[in-house]
Structure formats: C-alpha cells, structure tokens
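Shared chain: subunit A. Partners: subunit B in the first complex, subunit C in the second.
Entry: the complex of A and B
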C-alpha cells in the first residue's frame, strides 16, 4: 500500500525531474549547436559538467537579501514542477497521482508559479532581479487566464477534471484536431508560463539574467533544473490535454507519451532559439487583445462540440 | 566567463564569442573567470573592484593587454589574442581542479555607509524617509509617472561602466518606475571607438572604395551582432559576427536579412521608440541621421562615389526600428559599392571629407554623443531603452585606428605602418 501509493509515485516523479531536466539541457544544446552556437565536447556530458561546476561554485550573497525566501524560491519552483509532473499520466494506470481534480491542480501550479517567481526576484534585494519579478507578475495573470480557458475546453468533452479521463476522451479524436485553437494557444502560454525563449521576460538578457541575475552555485543549479523540469511538466500536460497522451498504435502507451512530450519540447525549444524576445508591452497586448479572445472562441467551440 | 571591457576590449569579446570553449555570460555572478580585456582608465578602477568582488568563489582573473594591479596575486596577463581562449580554459581547469587558488576579495565586505534603520527589520529610524541608506536613494514614490499616471515607487541606481548592454566604458544614473525609464543621466561617456585603419588612410591619401566600404559594412555588422544578442536572437547574432569576420565583395546580407524579417525582429522585439528629432539626429550624424530622413552623406561629394552612382539611402521615422532598417540598407549598399568599385578599380577622390561609419569626418573626428541619451531614453521601457542605446553609435572616434595586427580581425586592405597612423 505505502509502496504503491507513496514510494513508487515519489520515485517516479524524482526520475522524471532528473531525466526531464537532463533531456531539456541536451536538446537545447543540440538545437543551439545546429543553429550555429560554437560548442565543444559531448552534448551528453556537457549538462553534467555544468551541474558539477555549479555545485563547486559558492552561493553568493547580495546586500541584505531576504535569505529564507531567496534560498527557498528555487526549491519551491522545483516542487511546483514536481507537482506538475506528478499529474501527467503515462498510461491508464501509470500515473504518480491520479487526482480527480488534476486539471485544477495544474491550474494552481501555474498560479503559484507567479508567486514563486516574484519571490525569487524580490528576495535578492537587487535591481534586475526585482524588475524581472515585477515583469512576471505583470504578465502572469494573462498566461493563467488563457491556460484556464483552454484547459476547461479539453475538460468539457471528457466531462471530467482528471487528466486520465481527458486522455481517455480522445480515443476517437485527439483534441489537437477536435479543438484546433487549443494546442497553439497552450504552447504560447507555455512559453510564457515557463518564461522561455521569446516570452522569457523575467530572466531575460536585457536584465542580465533577471530574477536569476544574482544567483550562483547550488541555488542556480536548482533554479535551472526547476525551469527545465517545469518545461517538461508543461509538455506532459500538453501531451495529455491535446495529443492523446498514451493513445497510439503499436507502441506501448508510456513510449507514446515520451515521444509526444519530446515533440512538444522540441517545438518549444526551437521557438525559444528562433524568435526574438517580445517587448513586455507587446506581450501584454498579444495576450489580452488577441490570445484571450481566441481562447474564448476555443472554449465556445469546445462547448458546442460537447453539446452536439 | 564575464568580460570587463577596457579600451579596444570589444575585439577580444568578439573573438571569444566564436570560440567553442568559452561561454560568455552577462552577469558577473554567473562567471568563474573574470577577463579584463583592454586598458582600463584609472577613473574606472573603483567599478572594476566592485565587479571583481561580485564573482562567486572560487574565481580567477585574467588580464588581456592590460597591466594587472600590483597588489593582486596569482594573476595572468595575456597579450596574444590567439592564445587567449586556451589561457582562459587552462585557468578555469586549474581553478576547478584546485591547482589555482581563488582570487581574493579586494573590497571589505561591509556597507559603504551604516544602515540607520531602527526597527526589527531595518525599517524606520530618523532620516530614513527620503534618505540614502548605504549611500543610495531608497526606492520610494518621489516622482510622478511620465507615461500613464500610474505612479509606482521610483528606483534610482547607477549602472556601468562594465554593463554588457552599454557601449564599453559608459556609465549612467537612472531612475526607473517599474520598467519605465523616468530619468537618465549619462555620467561617463563610452571609450572612444577605434575605426578600421582604412578610414585613417583615407584621410591621408586616396584609397580603394572597395576597402573603405567593406570596412564600413563590417563596422555595422559588429553593432548588429551586439543588438541581436540583446534581442535574444543568438543564432542571428552569431551569423552577423561570422559574416563580418569573413566579409568580402562576394558576401551578401540576404540570408541574415531574411531571417531577421521572418523571425519578427522588426515587429515583435523590443525596438520601439527612440525617435530622434532632426537636430538630435544631426548631432549624432551618420546612419542615425539618415534614418531620421536627413539626406547627409559626405560620400555624395566624392567623385569616385558619384562615378559608382552613389546616393544616400534614408528612412523617415528616425526611431530604433528605422535605424536598424537603415543599417541593413547601408550594409547592402556598401557591399554593392564594394563589388562595383573592385570591378572598376575606383578609388576615393577626397581626403579631407570622409564619411566614417560613425558619421562625417571633416575638420574633427566624430565626437561623443552619449549625452543625447539623457534626452531620448526617459519614457521608454527598459528593453526598448537598451535597444535604443544599441542602435545609436554614440561613442567618439578614437585618435588611433583599430589595432588589427593581433586581433584576429584582419584588415580589409594591407596598409603600411605610416598609413595606419592618426590623421
């Protein structure tokens, strides 16, 4: 009982955290190399070497930071990523925690991420970190709203807020086809929520790293791993919500989930490398004026589809 | 590695950017090696000490073409750019393997002024409202918002002279409200920038237009490299740098231009605003002036250029977006002129009136225009403000030409020593 309901799920989540973050690091390096970034050494070893380097580096101090919050924020973000990974089903029965409200739990992860990212920026008591935190708060609400409408859209045909039921409802037709606006909207939201690539406004280059501008050593390692793991958790949720999760011919269900998650990750990482960072003002306009109305249309579309 | 750029240190930065063994970072907190590249003027020693002490333990320092401070122990000076990447890698490995001791802190780890807060959390106390704890103004609501009336706490801080997004050497005191620049005061002008020797040669004798135009295109591509890095377009930034390093009359800008257009650089990136009025545009000159619609280019007065059918290209709006369109157009134009000039063997016909990539060089070299930023940047969001700075070539032109012999950036034409001297 304890093994099945506690130990195995926890081990499963730890494995996904480690393997997922490592996969993101390798994929991103491969993509960067393919796009012309000069690199040396093995792509398989480089993420491990980087991790070892950060472990040897000291965690630095700033002037009068909020120490507890500053040290806690990366760990909290990693915990949120772990919660996200815990609700991703790998098959009808293989899921770390098959809550009946797992869609709602993912929504709370998105909301709490805003708090944690702001905490990370604010607690450093440093300029760029603070601006990065402010920027995320200014934009976070718009990401969450769109994400919620889109996810309600996939819950409607399933008549459930449980990801395993959402996947099961796609036996006949995947949501990516049934609700064509859903996945593109969700992927854009994902880039914003995980502040990656064109929507990385919290930890951006113009802020010399933003909320992470002042961190070094193990806290930076935890923060980097947490960001990568959150991207994996997001791709897992996108896979379950739109790409039919474990559904697919010939191959075992978990392998289908892994393949689909890798495909989503590849798209996100490619977008991250190919597009410029959006101006915050343009980002707000894009979210509220274009994407939010589109998410309403997606929801109406899903509702009408569910009624018919 | 975090680079601290001294005079002509940007050449080392560009060289290291293309080195596969080196990872450059934008914050000293993210580095284990500090590279002091180029001579640091004495008035920037204090900021250098502060940057030095921000690197987390263990860290080490290398000085490139700069005399290390005598009180520092275990520091390495490198003068040859070709061996610099290997020296940095060696220093890093020695540090990680414990064969090299970490650099010591230079400054005392204590606030420059005592904190005078009286409460449990350092709050309150006499003189704290509007005071300057630790020698800096507090974040507080002292000024009205200049954009939409939503007044936030304003935050005043000093940035530079080693902030990666500024021209090397520049420092400013800035007040932000949220993400919005309220005031900007340039405190230190950037170092004068060195131009390719061919521009100095052109002030002494008639030079091939092909050489002059390739040097001009390369200068603009180096600026584009920096701006694209800032915009988050790393691969395009590297493409611009590679194109600049391998520039010849057969080079084209088509691939890079297409990529910038398709990636949404002109529509999505933070390059809004930064308009220059006609008077401001004239003060800075060069491509920035032409981007504001001023049809002024000394090449129009040169018979050699007229023979090639030269006429200045211009934009109208004078903002950051127009300046980058202008730069791309001028690179294209320069490459085309270089091809024509090489084919027809055309040289310049003027020596006392030349158009440098920085602006017109008549009696005097183009002068520093960084004070202009104080007028342009207030009212812009932070990202747009940095993009505006990147789009404006504000540094003065240095007395001496670019030292091309050991930089890895080979000169466009072979010039004898006396041709490369100051005019």
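Entry: the complex of A and C
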C-alpha cells in the first residue's frame, strides 16, 4: 500500500521533474539553433554540461540577505512545479495525486508561485532583484485571475474540480475546440508565470537578471531547473484541461499525454524565441484591458455551453 | 462510526507535525523583525491549517485556504511595506505593540478555547462514506443561501471596482498625471520641502554677459 500510494507517485514526479527540465533545455537549444542562433557543442550534452558547471561554481552572497528565504525560494518554486506535475493524469488511473479538487490545487500553485517569486527577489537585499520581485507581484495577480476564469471554464462541462474528470468530459469534443479562447489564454499565463520569452519581466535583461540577478552556482541551477519544470507542469495541465489528456486513437494513453505535452512545450518555447519582450506597463494594460475581459467571455461561453 | 474513525497512523503523525508547524510559525510571526517575514510566516501557518483541513476531508476548503491566503498575504506584505517607513521591509523593526493588552487578550482567548475544547459536548454525527464533500459544500453555499452569497459577491466586486476607479488617478499629492508635489505646510502655501528659489536665479546667468 505504501509503495503504491507514496513511493510510486513520488518517483513519478521526480522523474517528470528531471526529464521535463532536460527536455525543455534541449528543445530550447534546438529551436534557437534552427532560428539561427549559433550553438556551441551538442544540444544533448550542453544542458548537462551547464548544470555540472553551475554545481561547481561559487554561490554568490549579497550584503545581509534573508538567507533562509533566499536559499529556500528556488527549492520552493521547484516544489510548486512538482505539485503541478503531480496533478497531471497520464491515464484514467495513472496519476500521482488524484485529489477531487486538483484543479483548485493547481490554482493554488499559481498563487503560491507569486509568493515564492516575490520572496526570491526580496530576500536578496539587492535593488534589481527587488524590482523584479515587485514587478512580478504586480503582473502575477492578473495572471492568476485569467488562469482561474479559464480553468473554471473547463470545470463546468466536467461538473467536477478533478483533472481526471475534466479529461473524461472531453471524450466527445476537446475543450480546445469547445472553448477556443481557453488554451491561448492559458498558454499566455504559462509564459507569464514562468517569466519566459515575451513575458520574462521578473528576471529580464533590463533588470540585469531581475530576481535572479544576484544568484550563481547551485541556487542558480535550482532556479533554472524550477522554471523549466514549471513550464512542463503548465504544458501538462494544458494537455489535461484543453487537449483531452490521455484520449486519442491507436496509441496508449500515457504516450498521447507525452506527445501533447511535447507539442505544447514546442509552441511555448517557439513563442519564447520568436516574440520580443513586452514593456511591463504595456503588459499590465494588455492583461487587464484585453486578456481579462477575454477570459470573462471564455467563462460565459463555457457556462452557456454547459447549460445547453 | 468505526468506518469514519479508521484512519492510519500516518494521518495522526501528519496532524501532529502540521499542528506543530502551524503553532511554531504563528509564534514566529510575532518574534520576527520584518513585515514581509511576518506575513509569510503567517502564510505558512495557514497552509499547515489548510493541510489539516484536507486531512479532515474538507478537500475544497483546505485547498481554497492555500490560494486565498497566498494572495492575501502577498497583498498584505506589500501594503504594509508601502505604508511603513521601512523601505523594502528588510530593515529590522519591532513587530509587537500594546504588549499588556495583547498578553491579556491572548491568555483569555487561550483559556476560553481550551475550556471549549475540553468541556464542550461535540455532536457525534458520522457522515456516510459516499458523501462528496465538494458537491455538498456547493449545494450548501449555492442552494438555499445562494442569494446571500451572490449578493455579497456582487457587493465585493462593485467595491473593488469602485476602489480602483477612485484610487487610480488621485494620489496622495494630487492627480497622478500632474507629477507629485507634497502639500504645503499651511493650507494653500508653497509645497513643503521645496528648496528656496533664488529671486533672480533663472536669469542670473544673463547679468554676467553685459560687459
């Protein structure tokens, strides 16, 4: 019983963390190479080499940081990614945590990520890191709201807050078609919450690295792995909520989940490489004036669809 | 009754650990020296309580505690930093005041709550094994009490929008679009803290060109 309920799920999540972060690193390098950015070394070895190099580097110290919060924040962000990966169902029965409120748990992961990212920037006791942290809080609230409306939308046809039920409700029609606004909005939230590509405003170059401006060595490695793992968790949740999870012909369910997750990751990483970074002020306007009303429309659409 | 009591030893251990975490972090809220740290210690305490609620099969309320408290504590930390003269909240500051009244209130509420825990007769109504806590909570809140919850929600939303509208263009020192100037020391006077302007400061440079 302990093996089935504790050891297997934990192993599954750890495997997903490692494999997912590595996949993101490789894919991002492949895409960068294909788009013309010169890459040194093999795309398969380079992420591992960088990880090993970071492990041997000195961890930077600032003047009077909040040590505990500063060192814990990357690990906490990684744990939040792990919680996200734990709620993604691989088939009707193969899921690490089949909580009846797993959709709400994912919403809490997004809310707690705001705390962790702010804490990461705040605890360094350094100017750029602090600005990055505050900037994320200002933006993070709008990400959370958009994501919650979109996720309530997928819970409505399922009449459940459980991801396995959400997937099962897409047997006839996937949510990506039933609620066409949902997936694009959710992917934008994903880029925002992992501050990737066009929405990298918390750790951006204009802040000399933002919340991560002062970290080096092992903490930097954990932070980078955590961001990549969170992107994987986003693709997993997007797969379950909009792309029918394990549903699909011919192939076994878990393979379908993996293929769909890879496809979502590919889109996210491609967007990350192709789009320029938004200015933070414009991003706030975009979120509140355009995307949030669109998420209302998505929710009304989903509600009317569920009633009909 | 037997069925509802049949939890493993793991649940007991988890409860004890979580209860200890909740109490210790709640105590740290008052012993730490920063607004931000205090807020997030309180958040950890609430999260521990949320997990205990999940152990008690309140799966929706427990998880709802996580995201509600996460957002609430972030907003609280930021607002406290903004209103206190403590840039960024990293400088040490005393987190307690009115100590005698607080100690008195703490002792009284501890005694009342302990007395209730020890002396009250709790109802013994085991729920059926097939009960869906999320669904029953939804029926409770949006069944007969729907009007109350919906009107409360609407009032809160209206308040939030109203507050944003009222606060967006008027800051402490005037309209946000006009630049910030501190108010005068006497009503209608010059802005406080502004350096004294030289009478002929502006065209002072021109005088030198006469010769």
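Methods note: the second predicted complex is superposed on the first by the 308 of 308 C-alpha atoms of A that agree within 3 Å, B and C clash if a C-alpha of one lies under 4 Å from a C-alpha of the other, contacts with A are read in each partner's own complex, and residues count from 1 in each chain.
What we mean here is this: a residue touches a chain if its C-beta (ideal position, glycine included) is under 8 Å from a C-beta of that chain, and two chains touch if they have at least 3 such contacts.
Computed from a predicted structure; not experimentally measured.
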Query: Who contacts more of subunit A, subunit B or subunit C?
result: B
Query: Touching A:71 in the superposition: subunit B (first), subunit C (second), both, neither?
result: neither
- prompt: Who does A:115 touch here: subunit B (first), subunit C (second), both, or neither?
  reply: second
- prompt: Once the two structures are fitted together, what part of subunit A is touched by subunit B and by subunit C alike?
  reply: 64, 130, 134
List of subunit B residues in touch with subunit A within their complex: 18-21, 26-27, 29-30, 32, 54, 56-58, 96, 111, 115, 122, 134, 155, 157, 163-165, 176, 178-179, 229-235, 238-239, 242, 263-265, 268-272, 381-384, 386
Query: Which part of subunit A faces subunit B closely enough to touch in the complex?
result: 32, 35-40, 53, 56-60, 63-64, 127-128, 130-131, 134-135, 138, 197-198, 200, 204-209, 213-217, 220, 273-282
- prompt: Across the complex, what residues on subunit A touch subunit C?
  reply: 64, 66, 69, 99-101, 104-105, 107-108, 110-112, 114-115, 118-119, 122, 125, 130, 134, 137, 141, 144, 161
- request: Enumerate the contact residues on subunit C facing subunit A in the complex.
  value: 34, 36-37, 40, 43, 59-60, 63-64, 66-67, 70-71, 73-74, 77-78, 88-90, 132-134
